[in-house]
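Letters A, B, C, D, E, F and G name the chains as they come in the text, with residue numbers starting at 1 for each one.
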Amino acid sequence: MNSLILSVGARFLTALFLLFSLFVLLRGHNSPGGGFIGGLIGAAGFVLYSFAAGVEAARQALRVDPRAIGVWGMAIAVLSGLASALASLDPFTGLWLILADLALSTVLVFDIGVYLAVFGAILTLVFALEETL
Amino acid sequence: MTEILTGILALLGGGFALVAAIGILRFPDALTRMHASSKVGSLAGSLALLAAAVDIGGVSAASRALIAILFLLMTAPIGAHLLGRAAAWRAGQKPDLLIRPSDRGKPGP
Amino acid sequence: MTPTAFMQTSVTLALIMVGLAIFIGFIRLARGPSLADRVVALDMMTTAVIVVCGLYAVRTEAEAFLDIAVALALVSFLSVVALARYAERLGRRNDRDD
Amino acid sequence: MSWVLALPIMIPFVTAVLAFLLRRSRMGDLASVGGSVASLVAAVVLIAEVLDQGVIAGQIGGWQAPFGITLVADHLSAAMVLITAIIGLSVAVWSLAEIGPTSARFGYHALFQSLLGGVTGAFLTGDLFNLYVWFEVLLISSFGLLVIGGRKSAIDGAVKYVTLNLIATVLFLAGAGLLYGATGTLNMADLRGAVAASPDQGLMTLIAMMLMVAFGMKAAVFPLFFWLPASYHTPHYAVSAVFAGLLTKVGVYALLRVFTLIFVGDLGYTHEILLWVSLLTMLTGVLGAAAQSDFRKILSFHIISQIGYMVLGLALMTPLAVMGAVFYLLHHIIVKTNLFLIAGVSQRLTGSSDLYAIGGLYRTAPLLAALFIIPAFSLAGFPPLSGFWAKFVIVRASLDLGEWLVAGVALLVGLLTIFSMTKIWAEAFWKAHPDGRQPALADLPRSARWQMMVPIIALAVMTVLIGAFPSAFLEFATKGAEQLLDPAAYVAAVLGEARR
Amino acid sequence: MKLLAINVLLAVAWAALWNGFSLANLLTGFVIGFGALWFARDLIAQGDERRYFRALPQTLVLIVYFLKELIKSSIMVARDCIAPRPNLHPAIVKMPLHAHSDAEIFLLANLITLTPGTLTLDVAPDRSFLLVHSIYATDEAALVADLKSGMERRIGKVFRP
Amino acid sequence: METLVACLSGFLVATSIWLMLSGNLMRFLFGLLLLSNGVNLAILAAGRLTPGAPPLLGAKGALPPDTMANALPQALLLTAIVIGFGLFAFALALTIRAYRTFGHLEVDRMRIAEPAEERE
Amino acid sequence: MVDGRPVLFALDWAPSLGISLAFMVDGLSLIFGLLISGIGSLIFLYATGYMGNHPQFGRFVLFLFAFMVSMLGLVLARDLITLFLFWELTSITSYLLIGFDHDNPRARRNALQAMLVTAGGGLALLAGFILMGTAAGGYDLAEILTGPGLQDSSLYGPILVLVLLGAFTKSAQFPFHFWLPNAMAAPTPVSAYLHSATMVKAGVYLLARLHPALGGTMAWSVTLATAGAVTAVLSSVLAMRQSDLKQALAYTTLMALGTITMLLAGAHSYALTAAVTFLIVHSLYKASLFMVVGAVDHGTGTREVERLGGLGRAMPVTAAAAVLACLSMAGLPPMIGWIGKELIYAGAATMTGAPLVIAAAVTANALMFAVAGIIALRPFFGAPIATPHVPHEAPWQMLAGPTVLALGGLVVGVLAQPLLGSVVGSALTGSLLQDRAAGLHLWAGFNEAFVLSILTFAIGAMLYTMRDRFATLVDPVLRSMPSLDAGWDSFLDWFRDLAAWQTRVLQTGRLTGYMLAVFAVTALALGATILHGRPVIMPELPRSAFLWLTVGFTAAGAVVALNTHSRIAAIAGIGTVGIGVAVIFIFAGAPDVATTQLMVETLSAVMFAIAALRLPGLVERRSRQRQLAHGAVALAVGLCVTVMVLSVTASPLDRTITQYFEENSYVLAHGLNIVNVVLVDFRAFDTFGELIVVLLASFGAYAVLKRKGRAGA
């Protein structure tokens, strides 16, 4: 879409979408948000970018095939589910590492997997739709 | 006091939203209607968010409200620009003035 | 009327006004006639949801509703962009009006 | 315990990830086969555990039932998981010969393994909403697999398959959501008590009917089966083989599970409806097959008629009948998958699946002919093949109840199955090829010959073994039926003795 | 930009000193930090970097101007929305551009759009003019002049030394 | 409150069925979207509507004084919405492909896979 | 030994069903077993000569051997289900044998016919066996036979009908006889085997075997006698009229089967002795004659009786065998056939309805006499007729069988009592009756039977000499009779038409029809259940004006999407619904859900906007009538959903699980957002599946959009 306004806007809005999506992902455990919403917002950023600069440029900006991103998300989700085997717990049991205020957990890793899967899936869809003629 | 301020802001927010809607209904064509939507609507949203910020208080509510307003003001005009452009082209208003998409990419005069 | 009652009444009234706003916007959406008219109406309705979020945050004292507004304020314009693109392409293809 | 239950579900997804990441090389294919082997091992471990301990249950995330998601394996589930793994491995190997690099690059193996994972999840989950999720996983995988071959007819088939299945899926979702609202729980063992205790039994039956329509559609019963004959003949043969074997069975499994465990409050209503549905399913399916002249279409319609037998077993609801349904379920998966695989080889050798355009396999591909006989006559219920026992039990169960009509229909449908199988035999095998072609297995490349024939032989051997040595399988099915009809062990394994 | 970052850091440090990251603390910190930087400008900022000390206040001026315009014209449009006989004179006008950088044009176009009554339709390919739709275009020349003297001038002050 | 949502849910379901039956694949997609929305509302209503407090705990897990909205159906809904979106996306892609394959979207005229032509 | 029956082998096959794989030998099985294996060996020998250089001879031998084993298994089975197993195996193997000449459409058609008729009967038999098992308390034949019999069981009627259906179809009794002559499509060794000692005898064996358990009632006698008599008379008339020798033999087989069946109707030892003896008689001469016909075919290139004559000189051994066998067939002394015929008359005299039975027997036997004359005399004597090849004798392998069997007929005729007496006796005492068997003697005295024999010969000789007159008399009658074989074809056509019609009606290829069915079923299932169960409904209208407005515009949005021809209007209408639903989510305190809904709504609109560029406009094509029907179904389903939701909310919700989540979300799962904690921890498995769904949806969409189109079904 040939618009100076859009392409200038997209340049920083994509970054903003991405940033905001990560924020939504990370605080999802305590406030509205999480992997799904985060993934949707992050993908929306690249969708905007593809509108402004074209799918090819968006793919290049992304560097990785969105399908692969999605699969890595799935892999991360599986691994976070399998991780509890290390502690001889049931599958998908959260392992928590709580350092003062900072809480790291396999549950968060799982949510990151969700994020990536949704992100990859939506970009796969939109790019494929865009590239169809 | 904050409660009264909140109430006024809420009423203003709701009122502007209603006004924007009426404008969209009454204005004669798509381009004019957009004036009602993208401006009055944004204002209504901002007012309602401010009402919430005032009512709840605290950094987090205020920053959320402000960020929401900021996002609204950042995104609304881009959409309006694209939609307006499309509407103008489609409506064929003053075609001599409009920049056709085919002109794009050519070196300027 | 206490300040609290005033606030609550205001919020209720405001909600009704927003509801009406969406309804009126919907009328434009249904009537069209052009694509841009419908998109404008849809956009206005989305913005009205932000108003609803704000009012609901007041009513329930829950910041969570502001989070909806933040996300919506950022993302909702994307559909306007997409629909505008659609309108533009259609115009270029000189298809029949839609 | 939960790991024994969770691994059969998770291994296919791990495999899917690996196969996708390696999709551009031959390693992707090998990952799929290797993962299938691993799934098989996990399934064997699971069934050994179940045989050893009876019903076993485990909790995902360690959250106790009914708060977390439960995985449960009784005899039926464990056997279904094992059979899924067997079919998965067989078709994964067979796929090596059929699926080209293009389909592989589009993620064939990932979709295929996810389908298996979804099916396995559906068999093992003890939570109604989780069942819905696995249904969706297998559904969306099947969508992808259906269209991945890129054939035009597959698009037509997919339109019908997708639209109708989406409707079923939404009905399931609505049913599950409403049932939660009415009982406050989603755990199936917990639901048994909650449904029985509900003050509004009419509502329970109503929700039961909604789920019956949803599962009935998945199972392809009359008059909800249209999507199946519209689509099953269109994708890759490997895909239709695994569809034929597993997909409708998930619907039957769900019916079997839900209408023995949860909705047993108004048997006179729900199961009477199932009875009529099953009769019409058997008849319309087999008549549909008789009208076809395409190898795969005939087989597709026969899926429907055979589903009728399984639903009949459930409808009659006696220990023998349910045992028959369980046995039928297990036997039919093997047989039907094998028939589709054989159809695939036939197509490869003769160039078509239209029975009037092919022939000559008997003369020049005798091994294939012999291998066709086994599942074909098993499907028709000839002794000493597995299908005989399935049919015998169902017919006897009907006769024991004095259901003459039911038994008559069941037998008649058996006869008409012979009609269709002999039609395939006469046209594809006995008749000479109209083009004078001499189709032979030697036409296949050496590697493809092995990849295609070994799974077929393995499945045929299983069919013969089950038929020739049925007692262990029958006893297993009997035990499975007992668990279904008296779910005390199931409920106790999930909830412990205390709750409800 | 570097100075802005330092300024923000100072604000955060200020808030941390006061043991509370409240909005008021941060704002106070920012203002005090700005003052501190301004005093130390000869030490830390050379040449072009000093633009910050002009740009920041100009930005504030712009924001205030914009908000004022936003509210003023919102009320105007709102009045027309509900007026029995709206006073509308829609037209598309060409507004010559002095601004040239992407960011500047972007900001200008968007602020024009946000200001009720006007709407940026497009930018000329050679960036020589903006196409603006206005509903109060009784006098096109006056409208253009108004836009240029109001919005464009103030934006220019932020972006250019 | 549930009553009204229940009615709306039924209404959406009815309209979605009308659209799905129209014989046009694009209308089917519209119907699918409405059906998901209708069923989602049904699930929400079945999980009971408690206007107000979202299911968020206060600091250190403090429970709010009033009852919160029921969290479980919300989680189910979220799952259902996302799944529904995935299914819709696939159906949309399929629709495009079907249009490229057949040159139209009239489902009743899509007859490559079946029925077979009558054979003499 | 069980009850005097030596057990060969027993294995618990399916003990939970009371089924074992068990075998036993008694007189009856022994006779059958000897015939099967004895004739079988000669057939194998014959086949090596007849078709040893056939490219598929290996398969042929395999099938024939499998068939023989199946027959042996059948007659030796001690368990009903074991018996059924082998019964069905004979169907399969005979199917493969009849269709052996598989390039010939006729062979395929006839194989199918045989298969369907016998397998159909087989399924009836299965039901009969199951009922027998239920009535007798088990499937053990030895116990059933020595038990009290099933004649008084309440299931006797169905059992009888089902078992007879099985036996009659297998033994080609009227009206299921039509498949047997068609089975001649098989190579001659197969016909010889199937028609003499095996396949068709299976039904007879079954009747004989079950005689003690089921026989002796009026129903049994009348049915068997009638079917047997009709079959015998009808088929012997038809046999007279065949010009193809093989066909003629086929019909005489039917006559023999009819006769045996008729005799098995009796309860007296004479009738049963006759049945068993005639069975042996028939096996010997029929196998011999089939092989003879094969040899003639082989030696001359034709089997048409009109085109054969004076072969005796060129084919002396064949001629001798033929004459000997025909003597037995004609029932002339001193062949075993004579004794058989004598016994038939003696037996028939003891039966209820003796005059009718005797009349049928005499008629059939006289016709048989004439047919024997035709077969023995016309090809081999008289003036030589030119045949396609120059006639030559067959190789020794093909002569051994017919000669041995024909001579056998003579030998056992002369030495009947010493050779066969005890065997037949044991068959009867062991299997049929506790009674003694009648003796087998060439000269049984000047009795009724002797007179009937003479009468038979006289009529037979007359028929032979006046065969042309007979033809002019019979042919019009035969022509006017409905042909069951043609009826079979029209039945199959009807069946195919029915199937095609049903498929046309159901599987129309029209998706809207499918969907309408699905929704109508949903409406019906839910609606009927609502009427059936009458759930509790609790309507309670809210007072919130905002909610009313929201619901109002949401519904209105759906209405816009309903019929608009504008894609964008539809998208906008659906967008309105999405917004409305999101507002309701907000209203219900579900911020996560509302956000997700709005994000998804936005992305859906985005995708639709992209897709709409690649899609055509909308048109409504439905007729008014259809619209009404669709509207009715749609409203019905919608109404049901509303009723369901209302009745769900009529009673309070059990909040146990939610409370657990609320109490433990922070304590155990370290999260304040309960919904998110449910998603990623309490019910992470759902979410796991869900992310897979979304990912795979994109994979599928990617494939469907990007994979190049390929033609092909």
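The rule is short, and it goes like this: a residue touches a chain if its C-beta (ideal position, glycine included) is under 8 Å from a C-beta of that chain, and two chains touch if they have at least 3 such contacts.
The UniProt protein names, listed by chain, are A = MnhB domain-containing protein; B = Monovalent cation/H(+) antiporter subunit G; C = Na(+)/H(+) antiporter subunit F; D = Na+/H+ antiporter subunit D; E = Na+/H+ antiporter subunit E; F = Na+/H+ antiporter subunit C; G = Hydrogen gas-evolving membrane-bound hydrogenase subunit E.
Since we're looking at a predicted model, the values are computed, not measured.
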{"item": "Shared interface partners, meaning chains that touch subunit C and subunit G", "value": "A, F"}
{"item": "Comparison of A-G and C-F by number of C-beta pairs in contact, larger one", "value": "A-G"}
{"item": "Innermost chain by mean C-alpha position", "value": "D"}
{"item": "Relative to subunit F, chain with the most remote C-alpha centre", "value": "G"}
{"item": "Most remote chain, CA-based centroid, reference being subunit D", "value": "E"}
{"item": "Between subunit B and subunit C, centroid-to-centroid distance (C-alpha), Å", "value": "10"}
{"item": "Distance between the centres, which are taken as Cα means, of subunit F and subunit E, whole angstrom", "value": "44"}
{"item": "Distance between the centres, which are taken as Cα means, of subunit G and subunit E, whole angstrom", "value": "89"}
{"item": "Subunit B and subunit F, separation of their C-alpha mean positions in angstrom", "value": "30"}
{"item": "Touching two or more other chains - residue numbers and ranges from subunit A", "value": "1, 3, 5-6, 9, 16, 30-33, 36-37, 40-41, 44, 47, 67, 71, 74, 78, 81, 92, 94, 118, 121, 125, 128-129, 132"}
{"item": "Set of subunit G residues in contact with two or more other chains", "value": "503-504, 507, 509, 511, 513, 515, 519, 548, 567, 587, 589, 591-592, 595-596, 599-600, 602-603, 606-607, 610-611, 614, 641, 644-645, 648-649, 653, 655, 657-658, 661, 672-673, 675, 679, 681-687, 690, 692-694, 696-702, 704-706, 709, 713"}
{"item": "Residues of subunit D touching at least two other chains", "value": "13, 60-61, 107, 110, 129, 133, 136, 140, 143-144, 147, 152-153, 155, 158-160, 163, 167, 174, 178, 181-182, 229-230, 233-234, 292, 294"}
{"item": "Chains touching one another, given as label pairs in label order", "value": "A-B, A-C, A-D, A-E, A-F, A-G, B-C, B-E, C-F, C-G, D-F, D-G, F-G"}
{"item": "Subunit D partner contacts - residues on subunit G that touch it in the complex", "value": "12-17, 56, 59, 81, 84-85, 88-89, 91-92, 95, 99, 102-103, 105, 108, 111-112, 115-116, 119-120, 123-124, 126-127, 130-131, 133-134, 158, 495-496, 498-500, 502-504, 506-507, 509, 511, 513-515, 517-519, 521-522, 525-526, 529-530, 532-536, 641, 644-645, 647-651, 653-658, 660-661, 681-686, 689-690, 692-693, 696-697, 699-700, 702-704, 706-713"}
{"item": "Interface residues, subunit A side, partner subunit E - complex", "value": "3-5, 8-9"}
{"item": "Subunit B residues within the subunit A interface of the complex", "value": "74-75, 77-78, 81-82, 85, 101, 104-105"}
{"item": "Touch list for subunit A against partner subunit F, complex", "value": "30-32, 36, 118, 121, 125, 128-129, 132"}
{"item": "Touching residues (chain side subunit A, partner subunit C) in the complex", "value": "1, 6, 16-17, 20, 24, 31-33, 37, 40-41, 44, 47-48, 51"}
